[in-house]
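Just passing along the structure, written as structure tokens.
Note that the chains take the letters A, B, C, D and E in the order they are written out, and that residue 1 is the start of every chain.
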């Protein structure tokens, strides 16, 4: 109890520290100069209608590269970690029985979900969404498969190759930007096209496709790794 | 300083006088002590007889080189000490070799013989010898502290370490003697003197009842004879040192005889009146009252 | 001191080599005593005088007579005035007083002490026990005639002799020395084999060298 | 007080409250899964904080389309930067949470315990 | 130039591409190596580009837009250095981990590669959010690598790491987004500090950002999670975290400190200092190798944090200091972690397994000395500069904390080293050298030397002598396979060459020490011919010690002096630890030495305040706090002298050393302390501290040292220990003489120093020879050796006569001078005690010679031989010199007096031939010797005449109260020789000082034990620590909320 009390005092202290942030937050009435620059120059420089995408893929594309990398190594670590764990247990998986409704629904829904995911990342530069969102949607489809058909096996090799191809693709895009355009991850080595059309914004759609595939496959790989351990707990 | 055959003869003369005087003192002092016990005591010339007899012993043994050299060291120490002292004040003849070194030399040279003797005794392999040496060294180191303080006090008083100068400063009557002008240093010195003479209460080094006679247990015959020579010379040298430091030195042999006799007598009197200290007791005692006198002597300079 | 200390043994040197130890041989000098001839008579006379007047007695009370020797140091008898002094170590002593009967066991110690004294040395034997066994004449464990074992210079008869008698004995000894007859040590050396044989006859467990230097 | 009764402030406040709740969970819940949930809450709160920061009064989504013309974009849209940041933040949070869960799985496997007090072998 | 962005593209491209390879792990590893090598090459090429050119850093604009609109990376000199470090550690670390990575598969290779990449970008990026992303990459990658070998240790450690870094990076994110909110940009170069600090929220945001970076650097006490990782993870990973990751973190902190104002800088420096002190304190209680290294890492990073925090004060010097210390940490910590992986010993004591293995020990010693800051390693120069600058800025508390922390670090590191060299309760077990693990370690060790050289150049350290010596030492080390005879000849030849080349170089007082060091060295080295075989490692160390000693003389600046001082300490440490049972003694030696060295260092630091140069003459004109500097340095030098209170290291260290090492360390090495004091006293003269004359206090210390040393010596049973205590006593005299600051006092002191060198070499060599033959140091086990070893006996006899100061030999000269000097000075009580002590030396002198050479020979020792010939040669050379000096005292004293006239013109002796006349007395050494010799011969002749035909007898022919002795053992009176004396005065030498230091040590251990209980192993507690740390730092920085 005393310990909890102390922790409470600690937390109150911490609240007091960060309350300095909260009470000085007054909202904003206009964009700051940086955001204004993006709003004004973004459409012409990058050619993406979705300014968030412009920021994510081009202006702060390097962050995104890092982000993808994080997901990548997280998947790699989880895969390694849980693989070594499985290696020394040869017990067969004891699988729950799933309901027929779920199975049937999944048959119906999964292709749709995959398609939706693809749509989201292909249109990332135009509409809300993008590679991450699309990839995540695809992963929900995978999740559904896992829930509906626990016995199903994913092709690890395929996932791995997909991950690699998309990852290398992203990097190659970046290098192409450096070589052909003004800098690493610059999208302007492909024609910017007309603002608002599907084939616009230079390399952004391609990058987003890579990201979508990559995120989808990485999340799939994580889910798969976690799934294969479900009988352990 | 010219140094010829004449000087050597004078040195030998000093040595001869002191040796005889020492032997006679050795005879008289026990007699005085015996009188305290209402005995007649030994004859005054008994030390001569003992000396002759020991030299005349026919057989002797030796335990080794160092055993052989021990008495040599001892007697060298005694003779050296005597010769480094100005024996008769104002006499160019009996100033002997005091031009070679000052009071410091004399104080340190005392130990030359002690150490050599200790080594000789050590080689005899007799445990009692070693015990005696251990006791002797313990005791002698303890008395060194008050002695040094007293000596420093005197040296500071006269601003010199030259014994002749110290004596010179005391000329002109009893009131100029250090014992009067610097009584605390005198007291410290006279108390340590008791210890250095090896009489009761500080005679545990020899302690005949428990460790036969300490260091010289194994010494006999001629070795003992040489040691006896030292026994005669060494105390007199010490007496002369104390006389020079405290009692105005001596301008002639008779004065020397008288003064040293009474200084010696002081240790005899104390000796017959007190029982024996253990070593740790005497060590503590020297670091008590005499040390206090020494400190006061320093403070009063 | 146990007998085992005298047995041969092997110890290891620091380098690990065994060393044979034979105590009797290794610890003790095994030379025989020598006869020391007197020097020129005229010197010898003077030296004998000094020897006679400087009698250092070994303080070793071997028997009941020891109690008669103490009074000699007291004011009443005061042997010091005759040049008689007590020394605690045989090395420095010249007179050995055998104060009464000697058991076999003590004899061994007496022999050792006597041999450790330096030539010239004198023996005074007190009481009838040293002469013929006295009241212990039929004891299995005392010796009867001291001069079978040591050269005795002066016997003082009595049981026990009074201190005055002992003083008289000393006077006699002085006379003998002055006359040059105090050659017990040389006698012992000359007849060493005879004395040793006698000693060994009575001392069964002879565990010391023949001559204790 | 009135300045605090805005939409974005309330959203931000909600975010902070979630952060606090998450933290409380992280430092008090002994169950490892609950601890991870605490972290998730913390993370979610943080994301809400970021999102609510992007809001500019009376603005719309930063997408150039019929509703928002290029010329007036600067005055009409919300700040796109925090929106980009939150995307990254969410993904990172996902990665970390996945890692934590993998750890929990593995730890349970080692000791069959979900109590954090069972994992104090290394100390001092 | 390759665009630095390709560091990223190659790393990521390779990482992503590994997925294609399927099961071909070896190929994958090869590709990873190639990638790392290319990254390394890129950063190296940029370093060479920037090296020496004052070029602006280049910017890489990602996305093709200029900042602040897009993320930019920067590559400048600093970045190129740091990325080079990271990539080097990455490549070598990967090579080191080859087997583990192959076993773990390509997933872990990916993680490894990405970790290195993340660290690179952390260094290069100029965008705050981007920094966050890549720090997150780093955290996750480390969390992954921790479980490279998943086991019960690493998994919970990794989990704690994940949740802790999760929390920390959440705080960072929170701060980052609010910086964006308040500052309007995320680019570090465009965020203006003023505008942010203007609002409270902005300052909180900055606080959160900086604090989370600090937390990433594992500040004490919010670092339990990091320690667990160090302990739990594979050592190869530990190396990477400690070297590469911390390097990047430090760089990030430095980069972000542009946001901080003064308060932040102060806070960082205080946090760093507390971390340094705290974790090093806890380290002393630690017995697990890797966790110990963890504590050390944390501490070192804390030190660097302090330096960064001190930037406003240190100014331009920051770079040098921080780099020097960081590089040392980087090399040493990686090296030690790698070694730990190779040796694979969990507990410190298990490292005894590699004892006797030269290569492992060489590496370990290199790294540990690098960490502690010994020359010639960079950290030495860094620490030196740091102390100087701290002193210049009057940061004395910080100075004290840093030095105390360094000391604690020394405690555990040297204890560990000691175990590795000497601990013999574990079985010797040399790990097989695997090249892939071995080569990286060796490279780092070599780099440590090379960089040390470079940093020495940078800090203006130029000593041709030391370089030549170093070359010679290296030569000896390489040719260590030669037989002793050759090496010994080489060593003597080198010393002799040096002597003849430089005999006119030294004037004044240094020439005295020059003679002692060089001639003394040659004489003691002669004894080396005794040894057979190779004596592996001995000669480089000896030469190192002598190089240090001579370096002291050659030193023109304080830096050179201190360099030489530390070199000498290091050399002597290894010499001492070569002894049989010397592990703990060597430890206490090195600890006292290090402590003393730090005092000297801080003294130098204080002394040079306000000076521009570092010449030794700054001591002559100390502007500020002169008495304190004086006292500090005096105590420092007195540590080497083993003055009372600081002496407890000496007896063991000198007694346990080898036969010919003892004379070197005792007779020669101790003089370094005297040299230091001479220099100090001459330069600074008398000083009053709080109104008390320091020299007066030191005079008491001197005489009490003499008293205690001599008395302790008298009570020893161990011959070498006895001599060691005697050294303490004699040097107490020397100290006393110096404190008198008069011609005679110094003459006395220096003559004692010179004769001490001779008689102590003589005695240690003689006793060493005896010990060699008898195989025991306990005197009571010897006895009667005069018959077997007459030459040694004569040596000891002469030695003790000199030591006791008996006329007629030369030792008396010192006593006589001392007496005159004291009289002149008026310090009578000290004089009394000094002479009391002098007489006590008779006690141990007699005991030494009696119990060894006289008395009853022992059965076991009856066949021992005389000491080896080559042990006797130096002894008899010394005896000859001693006798000549005894006969002709002015041949030594007159030159010394001449030298002293330059410093103390008044009160010199007047010489008439060999007759010296002082202010109070006179002394004619030649005459005394002649007289004594004549008397001696006369008496001897007399005795011989009356006593020619003495019968030689054997050992038991003694009078024994009519009995016979039992055995030699029971007849030899030797054990507890001065029992009555001990009964009377033993209370004076009760082990009060030893008890005091024991209590200090126990106290430190107890405190460490108490404090470290906060690391209860519970990850949640660690989270609470992080929160609590945040809150407390916030409160302290803002004085409330």
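We adopt the following convention: a residue touches a chain if its C-beta (ideal position, glycine included) is under 8 Å from a C-beta of that chain, and two chains touch if they have at least 3 such contacts.
Predicted model only: the values in this text are computed from it and were never measured.
Asker: Which chains contact both chain B and chain E?
Answerer: In this structure, the chains that contact chain E and also chain B are C.
Asker: Under the document's definition of touching, what chains do chain A and chain E have as common neighbours?
Answerer: D
Asker: In terms of Cα-based centroids, which chain occupies the most central position?
Answerer: Centre-most chain by C-alpha means: E.
Asker: Select the chain at the greatest separation from chain D, using centres from the mean of Cα atoms.
Answerer: Chain centre farthest from chain D's centre: C.
Asker: With chain centres set to the mean of the C-alpha atoms, which chain is at the far end from chain E?
Answerer: The most remote chain is C.
Asker: Using the stated contact rule, I'd like to know whether D-E or A-D comes out ahead in C-beta pair count.
Answerer: Looking at D-E and A-D side by side, A-D shows more C-beta contacts.
Asker: Centre to centre, by mean C-alpha position, how many angstrom separate chain A and chain C?
Answerer: Chain centres of chain A and chain C, defined by C-alpha means, are spaced 117 Å apart.
Asker: Could you grab the centroid distance between chain A and chain B? Build each centroid from C-alpha atoms only and quote it in angstrom.
Answerer: 106
Asker: Taking the mean of the C-alpha atoms as each chain's centre, how many Å separate chain A from chain D?
Answerer: Comparing mean C-alpha positions, chain D is 15 Å from chain A.
Asker: Any idea how many Å lie between the Cα centroids of chain B and chain C?
Answerer: So the centroids are 35 Å from each other.
Asker: Quick check on chain E: which residues sit in contact with 2+ other chains?
Answerer: Touching at least two other chains: 129, 133, 136, 140, 143-144, 147, 150, 174, 178, 181, 951-953, 955-957, 959, 1024, 1027.
Asker: So which bits of chain C are touching at least two other chains?
Answerer: 29, 34, 89, 91, 213
Asker: What positions in chain D touch 2 or more of the other chains?
Answerer: 19, 23, 27-28, 53, 81, 85, 88, 92, 95-96, 99, 103, 106
Asker: Mind giving me all the chain pairs that touch?
Answerer: Contacting pairs: A-D, A-E, B-C, B-E, C-E, D-E.
Asker: What does chain B use to touch chain C in their complex?
Answerer: So the residues of chain B touching chain C come out as 34, 37-43, 46, 49-50, 52-54, 56-61, 208-209, 212-213, 217-221, 224.
Asker: Give every residue of chain E touching chain D within the complex, in rising order.
Answerer: 129, 133, 136, 140, 143-144, 147, 150, 152-153, 155-160, 162-163, 166-167, 169-170, 173-174, 177-178, 180-181, 186, 224, 227-228, 231-232, 285-286, 291, 1012-1013, 1015-1020, 1023-1024, 1027
Asker: If we count contacts the way the header does, which residues on chain E are in touch with chain A in the complex?
Answerer: The contact residues of chain E facing chain A are 3, 5-6, 8-9, 12-13, 15-20, 22, 60-65, 68-71, 73, 104-105, 107-108, 110-111, 114, 117-118, 121, 125, 127, 129-130, 133-134, 136-137, 140-141, 143-144, 147, 150, 174, 178, 181-182, 184-185, 199-205, 207-208, 1024, 1027-1028, 1030-1031, 1034-1035, 1041.
Asker: If we count contacts the way the header does, which residues on chain A are in touch with chain D in the complex?
Answerer: Of all residues in chain A, those touching chain D are 4, 7, 10-11, 14-15, 18, 21-22, 25-32, 34-36, 38-40, 42-44, 49-52, 54-56, 59-60, 63-64, 66-67, 70-71, 73-75, 77-78, 81-82, 85, 126-128, 130, 132, 195-196, 215, 222, 225-226, 229, 232-233.
Asker: Once bound in the complex, which stretches of chain D touch chain A?
Answerer: Contacts found on chain D: 3, 6, 8-9, 12-13, 16, 19-20, 23-24, 27-28, 53, 55-57, 61-65, 70, 73-75, 77, 79-81, 83-85, 87-88, 90-92, 94-96, 98-99, 101-103, 105-106, 108-109.
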